[in-house]
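Worksheet: one structure, shown below.
Order as written gives the chain letters A, B, C, D, E and F; numbering starts at 1 within each chain.
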Amino acid sequence: MPYVNIKITREGATSEQKAALIKGVTDLLVTVLDKNPATTFVVIDEVAFEDWGVGGLPVEEYRKQLKAKS
Amino acid sequence: MPYVNIKITREGATSEQKAALIKGVTDLLVTVLDKNPATTFVVIDEVAFEDWGVGGLPVEEYRKQLKAKS
Amino acid sequence: MPYVNIKITREGATSEQKAALIKGVTDLLVTVLDKNPATTFVVIDEVAFEDWGVGGLPVEEYRKQLKAKS
Amino acid sequence: MPYVNIKITREGATSEQKAALIKGVTDLLVTVLDKNPATTFVVIDEVAFEDWGVGGLPVEEYRKQLKAKS
Amino acid sequence: MPYVNIKITREGATSEQKAALIKGVTDLLVTVLDKNPATTFVVIDEVAFEDWGVGGLPVEEYRKQLKAKS
Amino acid sequence: MPYVNIKITREGATSEQKAALIKGVTDLLVTVLDKNPATTFVVIDEVAFEDWGVGGLPVEEYRKQLKAKS
């Protein structure tokens, strides 16, 4: 009975893409660990840009700096 | 000083129901483990249907299939 | 299909006490929100004292200071 | 830069199986959402039987009851 | 490659304050544990008052009671 | 009343370093958001190498590959 939580930045993932993540992760747990899909939960969290930091910066700022450097 | 996180699908839980969850979980931790309510946190997350998967499907799809089978 | 995570400091909770937490939280979700117990997950994490901070201090240190003040 | 947390009951998942989960989830995020693997984190938590509840019971107890009923 | 999740009540934290949290936590992990900022993630969750409980009450109710007592 | 969870790979963080993380994060929340330290929780999780993935690989494997490339 696995529980999987996927956090991604909010940038337009569609319902179809989310359904693909749910199916893909569940299939993976069935294949690798023989888990029962009926008791496999997947919860997706979309996180606003200003709420996600990397490199000490909010993610949008971070991407700008990466681009400027390249 | 317990920390409890409750994740439920977003389907209309009222403020009163949330208050009942907060009170019930806190009372439980006091009764079972003699915890101090003043340092017991409860955080409730409501999750949209398309963000919660079970049986390899978004929850709404899953419920439809269960119904169709029964 | 709720998912509940309970984090407590590791200080000797017994299997019986954990079972009481699992039963109590599940019953609460059934009573308050009419959830199905068969798809209600409860996960308990016990956290070592040095890994739990409050008031800016590891919890053991914090309790000593509270005691000294009282 | 996704972050994925996988919680499973502790029942002997090998390092190879864990590596397969890590690879599978990362590939999925690349395929479905075009994420960068270098900033995709996967964290696996194994949870002891007595710390995982379903149906209001610790998981081992729950499985026994399911078996008895079938 | 640390992952940090900060949960606060939703009461008007600005983008600048969030950026300060992201920078502060990342600097701390660099200073204390020599972590690489480029692989340090910080995710901030703002939680509505009715979804955060303490002392067995939703946080707003709890604050009112504290005030009334003082 | 913030709740902060810090996940790091298990590679020998000392009690002193953990106390420094707890103090640093708490001070940061006081400085930036004027939070009350007495209701600020910090929970640290150390994660075994085989349970942390990045770049589609367990972290140790990933570091080896980075080194080999450089």
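By definition in this document, a contact is a pair of C-beta atoms (placed from the backbone, for glycine too) under 8 Å apart; a residue touches a chain by one contact, two chains touch by 3 or more.
As the structure is a computational prediction, the values presented were derived from the model and not from experiment.
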{"item": "Chains in simultaneous contact with subunit E and subunit F", "value": "B, D"}
{"item": "Subunit C to subunit D, fewest steps along touching chains", "value": "1"}
{"item": "Option in C-D, A-B or A-D whose residue-number contact pairs overlap E-F by over half", "value": "A-D"}
{"item": "Most distant chain from subunit B, judged by the mean position of its C-alpha atoms", "value": "F"}
{"item": "Angle of the C-alpha superposing rotation, subunit C to subunit F, to the nearest 5 degrees", "value": "120"}
{"item": "Separation of subunit B from subunit F, taking each centre as the mean of its C-alpha atoms, in whole Å", "value": "27"}
{"item": "Subunit C and subunit E, separation of their C-alpha mean positions in angstrom", "value": "20"}
{"item": "Inter-chain centre distance, subunit B versus subunit C - centres from mean C-alpha coordinates, in Å", "value": "15"}
{"item": "Subunit D: positions in contact with at least two other chains", "value": "1, 3, 7, 21, 25, 39, 41, 43, 52, 54"}
{"item": "Chain contact graph, described as a line, ring, star, complete graph or other shape", "value": "other"}
{"item": "Contact pairs between chains, per stated definition", "value": "A-B, A-C, A-D, A-E, B-C, B-E, B-F, C-D, C-F, D-E, D-F, E-F"}
{"item": "Residues of subunit F touching subunit E in the complex", "value": "1-9, 13, 17, 20-21, 24-25, 28-29, 31-33, 35, 39, 52, 54, 59"}
{"item": "Touching residues on subunit F, where the partner in the complex is subunit D", "value": "7, 47, 50-58, 61"}
{"item": "Of all residues in subunit A, those that touch subunit B in their complex", "value": "15, 18-19, 21-23, 25-27, 37-46"}
{"item": "Contacting residues of subunit F [partner subunit B, same complex]", "value": "1, 3, 39, 41, 43"}
